[in-house]
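Next come the structures, one after another.
Each of the next two complexes has subunit A plus one more chain, namely subunit B in the first and subunit C in the second.
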Partner chain A sequence: MAVTVLGISAFYHDSAAAIVRDGQIVAAAQEERFSRKKHDPRFPRHAVNYCLEEAFIEPDELDAVVFYDHSLLTFDRVIKSLLSVAPRGEEQWLKAAPSVLGVKTYIADYIRDALKRDVKVLFTEHHLSHAASAFYPSPFAMAAILTMDGVGEWATTTIGIGDGQAVRLLKEIRYPHSLGLLYSALTYYCGFKVNSGEYKLMGLAPYGAPRYADTIRRQLIDIKPDGSFRLNTDYFGYLDTNVMTNERFCELFGGPPRKPESRITRREMDLAASIQKVTEEAVLALARHARQITGCRDLALAGGVALNCVANGVLLRERVFDRLWIQPAAGDAGGSLGAALLASHMKFGVPRKMHPAGRDTQQGSYLGPAYSSGEIRAFLDRSGYPYEVVADAAARSESIARTLASGKVVGYLSGRMEFGPRSLGSRSILGNPLRADTQTVMNLKIKFRESFRPFAPTVLAERCGEYFELDVESPYMLLVAPVRKERCLPFDLAALVNSNDDMLPIVSQPRSDIPAVTHVDYSARVQTVHRDDHAGFHDLIAAFERLTGCGVVVNTSFNVRGEPIVCTPQDAYRCFMRTEMDLLVLEGCLLWKEQQPKLADDQKWKEEYELD
Partner chain B sequence: MSRKLFEYHPVIGYHFIPGIKARIDHEGGGYLVRVNAAGFRCDHELTPEKPPGTKRILIFGDSFTAGDGVSNKDRYSDLLERLLPGTQVLNFGLSGSGTDQQFLIFREYAAGLDYDLAVLAVQAENIRRVANRYRPFADENGRLLLVAKPYYTLDADGRLALHHVPPPKEPIDPEQLPESERQHVDWAGREGNHALLRKAINTLGPWAKTLAQKLTGYQPYPEYDDPDNADWRLMNAVLRNWIGHLKRPVVVFAIPYFAYVEETSSSAGFEARMRELADWPQVIVHQALHDLRQYPKDERRRFRFERDTHPTVSGHKALAESLAKAVRPILQQGGA
Partner chain C sequence: MSSTDPSLDGELHAFFAQRLAPAAEALRQRGVRFFETAPDAAAPSYYVDHAATPDPFAELEPGRFAELLKAHWAGQQLPELAELAEPLMALAPRVGPKQEDAGDVSPFIYVMF
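Then we have the complex of A and B:
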C-alpha cells in the first residue's frame, strides 16, 4: 500500500497544501490562488481539495495530515517574548492572542472537521519543515541545509544536514534575532508591505549605493565570524508593538518611514542597497559556517530569505558550496511540502527516491492544477468569448512567437500551475526582451505597478551561457546573474539617479541588447527552461529565437499588482481583459484582445486587490 | 473554487466535460468526480457490447443519479453494481436534467448499446424541468443568467414535438427574455411566489425549513396531484415514448423528494402518478419510498445532507438496496 501524506501550512501567511505519495510529490498549491486573496492565511481548504483531487483519493485514504509547525512552541515564544517587554507589549498581545489562543489550540480538530474524517494529524516544527522542503526534492544525496526566515516557533535561522532519508537540524538562531525580520523592518521603513514587499526592496537595491551598510552593521546587527548574529532590539518595534520599527530606528536613518505609494527617494534606494549588502554578508557567513560544520559539498536552502535571489547569486559565485538547490516555494507555503515529505520519510520510513538523471524531484515546481482544452472551451463557449483553436503545438508556438516579436504582450496559461511565488511559464505574462520600452509598458499598462520594478528573463537552458554569466541551471528563477559583458551597453546610473527623481528615464535607458530584462546593475533574475520540464514553453521560446535570433523572453507573473497569480482560465481571462495585454493563450485556444467584448460591470476591479 | 463540470451539448443542452476528473468542495467534505470519454459520470467507458459474461444495466436520471454530493463509488448505481456481482452498471445521470433530456441522452448515446435492463430514475422534481425551457445559472462573475434547454410540447393528438434542438449556445440575460417565455424558467424556488419568505426561512437554517414545511403541509410538486395536469401529461408522454423505444425490461425507479421520505409532505400524488406507468408491458415501477420509510426517522434524516438535499452516502446505500430488490429478480430471470 502506498503511503500518502497531506501537508498543510496555515494561519500565518501564505497558506498552502501539498500531497506526497510514497515520497513523490503529487501536488502542491497555495490557497491564495484559489481564494484570490493575496498571501491568504486562512485554512487552505481549496488547496487541500485540489491536492486530494490530483491524488484522486478520499481523505480516509490519507495515512496522515501533517501541520507544518508546532503551535505550543509558538505559544511559548509569544508568551515569553511578551513577558520580556512587560508591561509594554499590549498591542502585540492583542494581535497574537486570537491566533495562539484561538485556532492554533485545536488545529487537529479543525483539520478533521474540515475534511469530515477522523484522520491522523501530526505536527512538526517550522524550520524542520523548511529544511525538509529544501533537502528532499533536491538532487543531493547528502547536503548541508540552511533555513532563514522571519520566525518559526523560536528559530529564525537553522543549519542542518540531510543524509539519505533523514534530516537533522544542528544549530539555530532564535527570536528576536532574525535576518528575515531585519529585512522586513527595512521593507516597512521604505514604504513597502511586510511579508510581501521584500522582493521590491531587493529590486530597488541596484539603484542605490550601500551608504547605510556601516550604520546597519554598527547599530542594528552584529554578525559574528561564524555567521551567527544578534539584532539590537532597541531599534525594533516588533517585540512590543505591531510596527516593525521604532523612534530610534527612524532617528538612525534621518526621519520617518516613507509613506506607501509616495515617491521613492535616494534614501530608500540607498537603504535598499545597504540592507541587501548586509544580508548577503550574513548569508555568506552562515553558509561558510554550514560548510565547516557539516563538511558537505552541496547546500539546500529554504525559508523566506532564500527567496532573495540576489544573495543566492552571490552565494553561488563565491563558491562556498559546489552546488546550491533552493526550494522554489521557500516561504511558508513550502512548509506544507516539507511537512508532508518529512513525515513520509522520517515517520513512515518511505525510502527516498532520487531523480534517475540526477535532477531534482520538484518537477519544475509545476505542481498545481492544469485545465484541459475541454474545460477551457466549455468556459469560452458558455461565456460567448471569441477564440481561435490552434491545436497543433508547433503552429501555436509560431503564432505566439510572431506576436511577441512584433512587440505585443501575451498572457500565457499552459499546463500545471506553479507552486511558489514565481511564474515559470505556466501562468506567465510574456514580452519581447529586445525592446527598450517593454519594461515601462509592462509595468505601467499591464502590471499597474512601480516603474522601477525589473522583469525577469526566461532563457532556453541550452542558451543560458550566451546571455548570462551563469553556468548552472536556474529553473526556479531564484538566481540573479550578470548579463554577459559583451551584451552590455554603457550606462551611467549614478548620473541619472542624481539628476532625476523620476525613475522612468532611468528604466527606459537601454542597458544591453536584451534591455527589458537587464536591471540597472546589468544583472538579471534568470529562469532557465529545460524542455523536459515544460515542452510547450521551451518550444515557444525556441520559435521566438528562430524569428528574432534571441532565445530569451520576458517572463513576469500573470497578475496585476496586489492580485494573486491567476489559477483558472477564468482568472486569466479576467486579468487579460483588465490590462493592455494583446493576446491570451489558454492552452490550445488563442484569444485576441480586439475581438473580445468588454467585461460587463467591471469598472471597480482595482478595488478588489489591496496594493502590496 | 471547484472545477466547472459541464459543457454545451447541441442536443441535450449540456453534459459533463468528457474525461474530467475533479474533486468538488461540498458541505459533506468534498467528493470525487470521474467522467468518461462520452461525457457521463461513469467509471466505465461506453462500448457497444457488454463485457463478456456480464449483465448490463443502463441507469438514467438527474443529479440524484449522477451523484451530486458523493464520490462516484458511493452512488447508488455503483453500489448496485457491487451488490449484483457479474453486473455492469452504466450511469447516464445528468445533474439538473429533466426526463426529457434524459430521454435525449438515451437516444444520442445509449440506444445502440447492448444491455439487459434500463432503469429510468424519476426524481420527483423532474416534472418541473420537463415543463420548463430555461434554467438559471451564475456566470464567472456571479451574474444570474439563463441557459436554454431542449424541451417537448404535447399537441392535441398526444404527439410530442421537440424544440430548442440545438439549444441556443449563448447565455441569456433574464431581462432580455421575451415576456411570453418568462413563465418557462425553472427557478426551482429561487423566484416566484413566496421567494422572499423562502429566503427568510432558509436563512434561519435547515431546521426552520423542515418545521415550516411540516406546519404548512407544504406540497412541493402539486403537479402530481391531478392525473390531468398538463405538466404531468407531458412528462407521462415523454416517459411512455421513451419506454416504447426500449427493447429490454424497464424499471421506473421513483425517487421521492426528501419531504416524502421524512413524512413532512404528502407523497400520494407522486406515488399515484408513478403507478400509472406500470400498465406498460415489461415495465416495473419501483417506488423507493416504501423501502426508505422502513428506516427509523433519525436515520432517514441522515439520508440527505444538512443543507444540500441530495442523498448522502447512507442515502445512496438505501437507494441501492431498494433498487437491488427490483432488479435482482429480473436479471435472475435472464432478462426479457
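Then we have the complex of A and C:
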C-alpha cells in the first residue's frame, strides 16, 4: 500500500498544501493562487482540493495530515513574550488574542471539519518542516541544513543535518533574536511592507552604499565568529508594541520611517545596502559553522531568509560548501511540503529515492495545476475571445520568439504552475533582454510597480556560462551572479545616484549587452532552464536565440503589483487585458492584444489589489 | 485581527490586568527570564542545542490543549503559567473568531501570531 501524506501550512501567511505519495512529491500549491488574495493566510481549502484531485484520492485514503508548525509551542512563545514585557504589551495582547486563542487552539478539528473525514492529524516543528523541505528534494544523500526565517515556535535559525531518510536539527538561535525580524524591521522602516517588501529592499541595495553597516553591527546585532547572533531588542518594537521599530531605532537612523509610496531617498538606498551586507556576513558565518559542526560538503537551505538570492550568491561564490540547494518555496508555504516529506520518511519509514541522474526531485517546482488545450479552447470559445491555434510546438516557439525579438511583451502560461514565489516559465511575463527600455516598460506599463526593481533573466542552462559568472544550475532563480565582465558597459552608478534621487534615469542606462536583466551592480538573478524540466520554455528561448543570437529572455511573474501570480487561463487573460502586454500564450493558443474586445466593467480593477 | 467588539476588548483587558500582568510580576519576582534581550560580549556563542524529541510529531487534540499546555508549563517549573492554562482556554471560545479571519496578519507584530 502506498503511503500518502498531506502537508498543510496555514493561519499565518502564505497558506499552502502539498501531497506526497511514497516519498515522491505529487502536487503542491499556495492558496493565494486560487483565492486570488495575496499571501492568503486562511485554511488552504482550494489548494488541498487540488492536491487531492492531482493524487486521485479521497481524504480518507490519506495516511496522515501534517501541520507544519507546533501550535502549542507557538502559543507558549507568544504568552511568554507577552509576560516578559507586561504590564506593557497590552495593545499587542488585544490585537493578537483573537488569533492565538482562536483557530490555532483547535487546528486538528478544523482540518477534520474541512476534509469531512476523521483523519490523523500530526504536528511538527516549524523549522523541522523547513529543514525537511530543503533536504529531501535536494540532490544530496547527506547534507548540512541551514534554516533562517522570522520566527517559528521559538527557533529563528537552525543548523541541522540530513542523512538518508533522516533529518535532525542540532543547534538553534531563538526568539527574539532573528535575522528575518531584523531584515523585516529595516523593510518596515524603509517604507515597504513586512513579509513581502523584503525582496524590494534587497533589490534596492545595489543603489546604495553600506554606510550604516557599522551602526547595525554596533547597535542592533552582535554576530559571533561562529555565526550565532543576538539582537539588542531595545531598538525594536515587536516585543511590546504593535510596530517593528521604535523611537530609538528612528533616532539611530536619523528620523521617522519612510512613508509607503513616498519618494525613495539616499537614506533608504544606503540602509538597504547596509542591512544586505550585514545579512550576508551573518549567513556566511552561519554556513561556515554548519560546515564545521556537520562535516558535510553540501548545504541545503530554507526559511524566508533563504529567498535572499543575493546572499545565496555570495555563499556560493565563497565556496563554503561544495554545492548548495535551496528550496524554491523557502518561505512558510514550503513548510507544507517539508511537513509531508518529513512524515513520509520519518513517521512512516518510506525510503528516500534519489533522482537517477543526480538532479533534485523538486521537478522544477512545477507542482501546481495545468490546463489542457481543450479546457483553454472551451474557455476562449465560451467567452468569445479571438485566438489563433498553433498546435505545432516548434512553430509556436518561433512565433513567440519573433514577437519577443520585436520588443513586444508576452504573457506565457504553459504547463503546471510553479510552487514558490518565483515564476519559472509556467506563469511568466517574458520580454526582450537586449533592449534598454524593457525594464522601464515592464515595470511601469505592465507590472505597475516601482521603477527601480530589476528583472530576472532566464537562460538556457547550457548557455549560462556565456552570460553569467555562474558555473552551477540555478533552476529556481535563487542565485544572484555577476554578468560576465566582457558583456558589461561602463556605468557610473555613484555619479548618477548622487546627482538625482530619481531612479528612472539610472535604470534606463544600459549596463551590459543584456541591459534589461543587468542590475545596477552588474548582477542578475539567474534562472537556468533545463530541457528536462520545461521543454516548451527551453525551446522558446532556443528559438529566440536563433533569431537574435541571445539565449536569454526576461522572465517576471505573471501578475501585476499586489496580485497573486495567475493560476488559471481566466486569471491570465484578465491580467493580460489589464496591462500593456502584446501577446498572450495559453498553451497552444495565441491571443493578440489588438484583436481582443475591451474587458467590460473593469475600470476599477486596480482597487482589487492592495499594494504590496 | 483585533477585536472590534468593545465587550470582548473589555474581557481581554481584564484578563491582561488581572491574570497576565500579575503572573508576569510573580515571575519577575522569582527572577524568571524567558530570553535575553541584549547581546553579551562575554558569551562565546549564542547557539543553544536543539531539544530533540524521540518522535518529532505531536498530536495536539483540541480537547487536550489546556491539559497539554498546563503539563508543558508545569514541567518547566512555571506554576504561574500552569495556572493560566485553563483560564486561557476558557477565554478562547469567547474571544477567538467564530469565523476564520480573512484579514491579513498585522505585518507589524507578526511575531505574535
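By definition in this document, the second predicted complex is superposed on the first by the 612 of 612 C-alpha atoms of A that agree within 3 Å, B and C clash if a C-alpha of one lies under 4 Å from a C-alpha of the other, contacts with A are read in each partner's own complex, and residues count from 1 in each chain.
To be clear about the criterion, contacts are C-beta pairs under 8 Å (C-beta built on N, C-alpha and C of every residue); 3 or more make two chains touch, one makes a residue touch a chain.
Keep in mind that this is a model prediction, so the values were computed, not measured.
In the superposition on chain A, A:Ala391 contacts neither subunit B nor subunit C. In the superposed model, A:Leu489 lies in contact with neither subunit B nor subunit C.
By the document's definition of touching, neither partner reaches A:Leu547: not subunit B, not subunit C. In the superposition on chain A, A:Arg377 contacts subunit B only, with no contact to subunit C.
Judged by the number of subunit A residues each one touches, C leads among subunit B and subunit C. Of the two partner chains placed around the shared chain by superposition, subunit B is the only one that A:Asn49 touches, whereas subunit C remains out of contact.
In the three-chain superposition model, subunit A touches subunit B and subunit C at no common residue.
Those residues of subunit B that touch subunit A in the shared complex are 1-4, 6-8, 17-25, 28-30, 32, 34, 71, 139-141, 143, 147, 169-171.
Taken together, the subunit A residues at the contact with subunit C in this complex read 11-13, 37, 39, 41-43, 66, 70-72, 75-76, 78-87, 90, 92-103, 105-109, 120-125, 128, 150-151, 155, 158-160, 168-177, 181, 184, 188, 193-195, 221-222, 224, 226, 228-234, 237-239, 241-244, 289, 342-343, 346-347. The residues of subunit C lying in touch with subunit A in their complex are 1-3, 8-9, 12-13, 16-17, 20-21, 23-25, 27, 33-41, 43-50, 52, 56-62, 65, 68-69, 72-73, 81, 84, 88-89, 91-92, 95-97, 100-102, 104-113. Across the complex, subunit B is touched by residues 34-35, 45-46, 49-50, 52-53, 56-59, 114-117, 371-372, 374-375, 377-379, 381-384, 567-568, 570, 573-574, 599-602 of subunit A.
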